[in-house]
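Labels run A, B and C following the written order; every chain starts at residue 1.
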Amino acid sequence: MEKRNAKAGSLESSDLLVVIEENKPGEELEIVMHSIVEKQYGDRIVQIAHEIATQKGLANVRILIQDRGALDYAIRARIETAMERFERGL
Amino acid sequence: MGTNLLFVPGNNPAMVQNAGILGADTVIFDLEDAVSGEQKDAARKLLKMALESITYEGCETSVRINAMDTPYWEMDLKIVAEAGIDGLIIPKAEHGKDIERISDILDTIPGADGVFLIPLVESALGVENVYGIASSSKRVRGVFFGAEDYTADIGAVRTKGGEEILWARGRIVNGAAAAGVEAIDTPFTDVEDIEGLKKDTLFAKALGFDGKASVSPRHCGLIREIFYPGDEEIRYAIRVIDTVKEAEKTGKGVASMDGRMIDKPIVLRALKVLRAAGIKEDFRYE
Amino acid sequence: MNKIRKSLRTAIIDSGIKNGMTVSFHHHLRNGDFVMNMVMDEIANLGISNIRIAASSFFPVHGKLVRHIKTGTITSLDCNYMTGPLAEAVTNGMIDKPVMFRTHGGRPRAILEGSLKIDVAFIAAPSSDEMGNLNGVRGSSSCGSIGYTMADAQMAGKVIAVTDNLVAYPNGPVSIDETNVDYVVVVDSIGDPAGIVSGTTKVTRDPVGHVIARHAADVIEASGLLKDGISFQTGAGGASLATAHYLREKMVSGGIKGSFGMGGITGFFVDMLEDGLFEKLIDVQCFDLEAVRSIRENPNHLEVSASHYANPSAKSCAVDSLDVVVLGATEIDTDFNVNVLTDSSGNIMGGSGGHSDTARGAKLTIIVANLLRARLPIVVDRVTTKVTPGETVDVLVTERGIAVNPARVELMKSLKEKGLPVKNIVELKEMAEKMAGKPRKVAFTDRVIGIVEYRNGEIIDKVYQAVKE
């Protein structure tokens, strides 16, 4: 059976691609982040992902982020959209 | 709302965050044609976040929500109006009562008092019903003509010369004027053809349009230049408004200037000129 | 006397090259060059090692040299600009000796004064006769101006011309003459002229870049320099080149005739020459095939040596006569110092080229840049690498405002009077940080991987290796 997953965003400049996958039961929240500005903003991106996952009560998932220099508002938007799609079962 | 309105794809962060500096008087964040069906939710969310966190100085913000025959428009409306927007573009506008309905919904959203509406008329039925659409609500600031969908609807070929849309353009200008609102012309779709843009824009101005939309930031400057009122016009308009204000203050019945009575059409024309010049004027003709 | 050598190998052997020597190359074939790789392969095959390469620039095509670094054939690099896999290798600390970064004007200065000694100069020549009279405008590998070769030809111990187009004696026109050439080698191909046109020499499509370019043209107009006789130069591409486009519009509508355009010449400048907007073009390198055609055909399109272009120790040089230059940047700090060598993460991806030369010479130096480049603010507290000193930089134009060097009091006044959006550079920095969030500072080690020499020979900065995370 295929793992449930959802994605949002794109790899265009100033955007980010977010993929949310079901993790194995019992596994904690996992965030994997790659960014073209990792050194300067990597921590912040991971922090935002944590915040939103906690807010939404999503624990058993793996969040993969490929960032192309998106600003905070876009990071939030794409992560929330991916999470909402995940919850809807898309 | 000034003289040029620029479409910006609503699901494109690079464009959305830079929209304010591209030279447009009014930015139209597009949730409709620029966004595919599966991305409507993503675009709506992106715009909501952008509108809440970015200050768009120097231009007005508006959103083209999805048409009222789609499942998206109500969420679009609610989300962006709550996030804070100056105006809304309503595509495929065909009946005044639809615009009224949107206006009523806006009345229920706190903070959305000042949100203006611009119905986009882009079908034969819409062009038939222009006056009704234009006069349907106090929120309507102008009527916008969309030639691409319109020509498809009437079964004509869209050309740069524009003969096929001449009648519709005229009817839009007329209906808008009769309702006391502005008329906005359809965008010129060849991005590279600046000479063609100039011709088309000058023609639109000659027909009586008050402004024109564009699909490329490279068109904004020229459109604004062509529609921008001349110094004389601006000075005259300022005098008109000052005179009318003065008359109101001193309790005079009717104002007069240069031996002429200043009646409603002159005042409305003056307000239009000031708006096109980007001069803020709160005066309202009662 | 027979100067022809039947192979590169023979020529290299005859030149007496030994371990530890310095070889030089020019970069007029840009990313289409074959010669540097061919020569270094031969040198490696001969078992020679510990070589220093002094090239005017290194391009992605020279990434093939990385394996020669690994084997110890190449142990030192000296250039004005580097990009691609070679630059990555240097950034990752593959070479022990720090790379020497110079400028287009400083390199010939160093060669002519003797501080950069070249043992063997390899000159890729689109056409050559049997005695070594060379030019860059004849033959299927034509690259146009060969301005970066002249100091090398004059001063190198041995000069080897490498050509794919041997012509009858005497060759004409003559850019390098036979009095300086030792050997001539004929090869199948010296390079691919299509490789001259790199992505960086195209006008930007980014609408934000156009907004910036329009503002920059407005600045030039407001400065009072936009009048008959104006001379200007723009950087390789992006918003710099777009500025030329808007400036041209203003010249046409104002009926203004310029004196000369300089560069790095592209087809855009050639059009301006042919349309009568410039009297002359001063050309130290051709950026596209239109420029190559023009320099071949038009006597008003002048080839100059790098020394003539920008050598500060010469009796005079062309940059000193320049009115306006429009340049890019990777970073600019609140003192207007500019970085074009490294990015904010410490990756080497460029070099001065003619940046600090033209900034010093021009009456008005404008830096055009997006306020945020992929989230990173262009305005920083302190540049990662100082290449062009702030006192030579007058204006920064971004899409969200224009900053003027406080030393230019009259200019600031003129711009404000014209209603241009003048802001303090610190304001711009804060605006950028507000939009993007304050970036975490990148940590650097003490290891020096590059030395930055200013055009006059002074060391202006060092390049440090970033901490690996």
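Note that in this section a residue touches a chain if its C-beta (ideal position, glycine included) is under 8 Å from a C-beta of that chain, and two chains touch if they have at least 3 such contacts.
Predicted model only: the values in this text are computed from it and were never measured.
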Task: Graph class of chain-chain contacts, one of line, ring, star, complete, other - done: complete
Task: Core chain by centroid distance, with centroids computed from Cα atoms only - done: C
Task: Centroid distance [mean C-alpha coordinates] between chain C and chain B, Å - done: 48
Task: chain A and chain C: spacing of chain centres that average the CA atoms, whole Å - done: 41
TODO: Give, as an integer number of Å, the spacing between the C-alpha centres of chain B and chain A.
DONE: 37
Task: Interface hub residues of chain C, defined as touching at least two other chains - done: 435
Task: Interface hub residues of chain A, defined as touching at least two other chains - done: 13-14, 70-72
Open item on the list: Give me the residue numbers in chain B that touch at least two other chains, ranges are fine.
Closed with: 17, 54
Task: Touching residues (chain side chain A, partner chain C) in the complex - done: 13-14, 36-44, 68-72
- [ ] Under the touch definition given earlier, write down the residues of chain B that touch chain A in their complex.
- [x] 12-14, 17, 41-42, 45-46, 48-50, 52-54
Task: chain C to chain B touching residues, read off their complex - done: 207-208, 210-211, 214, 399-400, 435
- [ ] Could you please specify the touching residues of chain C with respect to chain A in the complex?
- [x] 344-345, 373-376, 435-437, 439-440, 442, 466, 469
- [ ] Sort out for me which residues of chain A touch chain B in the complex.
- [x] 8-9, 12-15, 70-74, 76-78, 80-81, 84-85
